[in-house]
């Protein structure tokens, strides 16, 4: 059985491995306010353990560097001030090697804490926080990849994060999507949300009942080919397909395709290419569409005569499929029609760590499943990912539903 | 029994009566992009009848003025282009008297159409659209008042819309709020949404089942006194009480109180006043708080150890109270925690009129009940009003709930 | 001989006459922050006399309305606070008729003051301030017309301020421009700036010497025809013709022609029209180009192999031409290459009235001459008008020079 | 005698030496749109030689990397497109070491070209362009330091570029300023601008005559002590001291002191510190004020009962002082009251290199002299530096004048 200490090492090392193909410069820069520099991800995940665990469990706690408390605090008001989010990429000091030293120092101290003899109560509490920190680190592993992808995408040299051979299987092109079919579910009371053993975020609880009306859900994800047809049917030019806020956003930003798609300028051969972590590639038509916003997913669904599933519908359907028989996980996050809101009876964790999830429950939409960039073991049936309706730089795609 | 033609006249005249205390200048100006000039309200409600009824039912339809099709189209993409929303206040021509002439012309033609012999099917369809147009007009009657209030509030002369004696009973100060009590509801399946006879908007349907967990709801609205206590307990200075998006908005806008409140600058006598439709008044502490945003309502609830009700909880509770025994209607709209989303099985009306409600179902929150500015007869148990989380210029207040 | 009291009446009445074709609504609205509502012009010019003359010379001065001190203060920090410039158009109260009453009241009191027996010294001082106030009023008469023109231009109904027959001769189409010729001037010391009797603004003084190198100047203004050739030679698409700041502005604003020009959308008959105070008209090719910015004038000059004159060159040349033999005055203001700066030895007037001109001497360019909208008797050889390099809503055109 | 080839090596090496204390990360980031990353400076100066010399003089020219033509083009429209200025800091690839390789490659090829046998005419042309490129490189050496200073100043760790001992003498604290005296100049015709041998920028020509009225100029720069007195006399709170555009900028930006000054938060000991290239230091009261904008300099001068000199006055005065007897050079650039404009008869260089100076002649002000960061040998009596009126991150100070 794997000890928590071993898991800790494994997850922490995993983050460094993701940063391995990158130069100091690649790790320093922030391409947009939504994204963060890799160096900041490396430091912030470390800050999380230092702040929420070492500060509490070390007897003679001393911060690694007093300025890091502010520099690498993301948004925890309970911990104090934060460095302005949009200025994370201006921090050339501490250097990447200093941040690596910060990681080593905190890792050693964490191992020391994990080896301390503790009462069962305290030990349990510690384990809970360590697991939270590791799940947090895994979330940043995925963000690290999406943020690097965005950074490289706006570089005219279109650099590759890795060559296609070296990139992990996960991030490579998947096989062809099967024929779309509709799976029907009858109306009735279902239970959703986390229960039982295993890690979970507070926003997945409490498990509770919902009444769902009869619905059908697609047995597979929407493909690039299908989405291309939407584009070529003037989907981005027809306001009647869009939510009003989506149309305003679209016209203001002059959008005509998913985030990383490019149409060749040769009008006689208008092929589509897309930027990937291994460089520019022609669109693989039979793979799932990704890097679309909630607004784009919602408009596509209307065009296709369908709609997005609610998160309850999604969870109910995903629960009914054997993991090997569906593409609910490991390909693209799937937008749902559900606004991100507390479950009935929701209570945030106590203390500053309670700011983790709860305070973002406004003007965001829930995505379910997991993506090709989600670390192994991080996905969960009841997992609630959430982003604003315009976010596109995540591996976000869609699955259709209808009433 | 009142005929539709008589109702038509009554509602249309009601709008003109609301504009009666205002000068041509008052009616022309737009104080912010969210608000519209009174003249625009007068013209747009007329455009609605001209476009959706006369154009369809008049045999030799000719537009009153071809340019009005664009000028007074609010957001119906299916009808064509629209004059930019933020520039509605720059339209000094047509003049107010020309817009009044436009109203008279369309009203006469509407009466003619209403008097035409029609098949039962066509007659029913016409009646549906006329009722829709009248409900639409009533919505703009409320907006006219809130928009005038906003316009006058930013004028250093702080003009009154009417003197306190002349303002309708509705808009005057209400009696003292009773003691707050909590009414409990058991868990179970409830039905919400419109069913049966009577007018309704498409977004209130279909009536459908929801499972609600056990909850309690306050028997009365939150008062100015309670909200003042929140302010004086540094509610606007404590980030831990706020949703993250609310806190960002608050700090960027430097907000420290509800929209129309002012604190006297005399530090030894820090009394609160507020701007009303009859001028500046001292705060009536035992009346319901109003002109707060969703974010403020949500933060207040957290401070008070409670939460906002969902719209299903609200409808369930309002349904259980005799109209005369509660303050669910006629005082302030009440923010719910529910994001504005389609009910399961929702279908918009056919044609351009289908843009009325459906396309706004993103990034808005549902308010329930009705306000002191809502026209008599317009309120409904299943009515879903909606505004962005930062909107404050409506008569928006709150009622607490808890799990 | 005309008395000052009579001149006062004449100028003040002139302003009201300009407002005569306008409705209350037309007078209330502000079409952009650079422009002001007509009502504000009417009130501010009155405020000027009340603040700088009545407050000083009336023995028992009482303000007409205390709030007007702030509401109608344009930018005099020495007088106190100002209503925010961009919100001048939101002031529906006081009404236009109250502002007319304000004018009548101040005019009566001014006549009373003008009739008071005063010492010679005080009388002289009073006369100076009255003349300043009248020149100020005349400046606002021109602004009133340019601001109304802008307001009407963005109205889709394209209303006319007056019909072409009723508009003053001044504002009507002028005769054909003569052949362009170059007048040469030898190098040497010249004197520029005001000296002697007659009214002048402080910025025209002191008269001083400048050394001018040899130059030539065009005997007439640049025509619409010539400017159209620049446009059709892709002048707005060629960055090498533009100052860098001008090119940035141009591309950001997507400009391709002067402010009020419109190209017909019929690609087979691409005629140009322009908005005028008497409605849309086809371009009169042999009249002077107007409503261009400094950047456009400067780029046109480069395209034409010439340059803009300095203000010293302009004054020197204008001084050498008999008024009836040139078009230096009464058609369009002429951009010079001179940044608006103090003359050597410049001293602002004492007191708050000293803010009139001096504090604007940064990032603006000098225009010389006068326009078709300049009131009779207001133009002067040494007059220095000034606007930012991007301003286009004045009657601003150009005359070429070369070294 | 130093050959051009040797000078070339020396200047090019000088740039690398300035970058030597910096990490790859320090060199990659852009702290604001006005500043550029060090890596970009290193590459752009190289691009200048490649584009304007190698492309013309190499017989078989091949670009080092085709994408660099756009990436490192600053603003030369005649050369083609440019990478967006505000996104220079997002270019993590090419890496710093690739840019160093770029420099080595171009340097070798430049040495080869410099050693080629050429006709006298071609040789002269080459020499002119090489000298232009080296002066250009020296300008970027100064910018490199000011841009690094700005980057480090916004880092909460307040890193030092070098320790005080290692920083060049130039950048260290200077001796105490002498007593201020006024030197008088009589009215008359002077000649300004470059003439004779030696390098010059096109904007310094032609040498021409100006008439200057009698004036006095301060024998030394304004000191930190004097400027502190201005601050403590509420200079930043008094609108009457400021140009209107300066006051608007000031209040919008909430400025209360020069760019790098900080007031201690200890209200009982309100000492001033400033950020320098060797870290935070207490203000040296008897050294020249620096990092102030034109607006601040202009307001200070008004407060001090003086004014800024024109550039002609400055050049005339600087010309009259023995270099060792004044502080006209080598301390801080000195704002003049002169808008940056072409001298009479000015002609830009032919070709794309003509965009170097001429197209920026709008809305900028001339600074004269040179600063502690100006490379040795780069300063010149007739040198015209220019920045917008709000620029503060250069070593910009001031000298007083009066009429």
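Just so it is clear, A, B, C and D label the chains in written order, and each chain counts residues from 1 on its own.
By our rule, a contact is a pair of C-beta atoms (placed from the backbone, for glycine too) under 8 Å apart; a residue touches a chain by one contact, two chains touch by 3 or more.
Because the structure is a prediction, the values reported are computed rather than measured.
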Any chain in contact with chain A as well as chain B: none
Maximum centroid distance from chain B, chain identifier (CA atoms): D
Euclidean distance of C-alpha centroids - chain A vs chain C, Å: 58
Euclidean distance of C-alpha centroids - chain C vs chain D, Å: 37
Gap in Å, rounded to a whole number, between the CA centres of chain C and chain B: 45
Residue numbers on chain C that touch chain B, as the complex places them: 23-29, 31, 39, 67, 70-71, 83, 87, 89-96, 151-152, 154-157, 159
Interface residues, chain B side, partner chain A - complex: 75, 77-78, 187, 189, 208-213, 215, 239-240, 242-247, 294-295, 298, 337-339, 341-342, 344-345, 355, 359-363, 389, 403
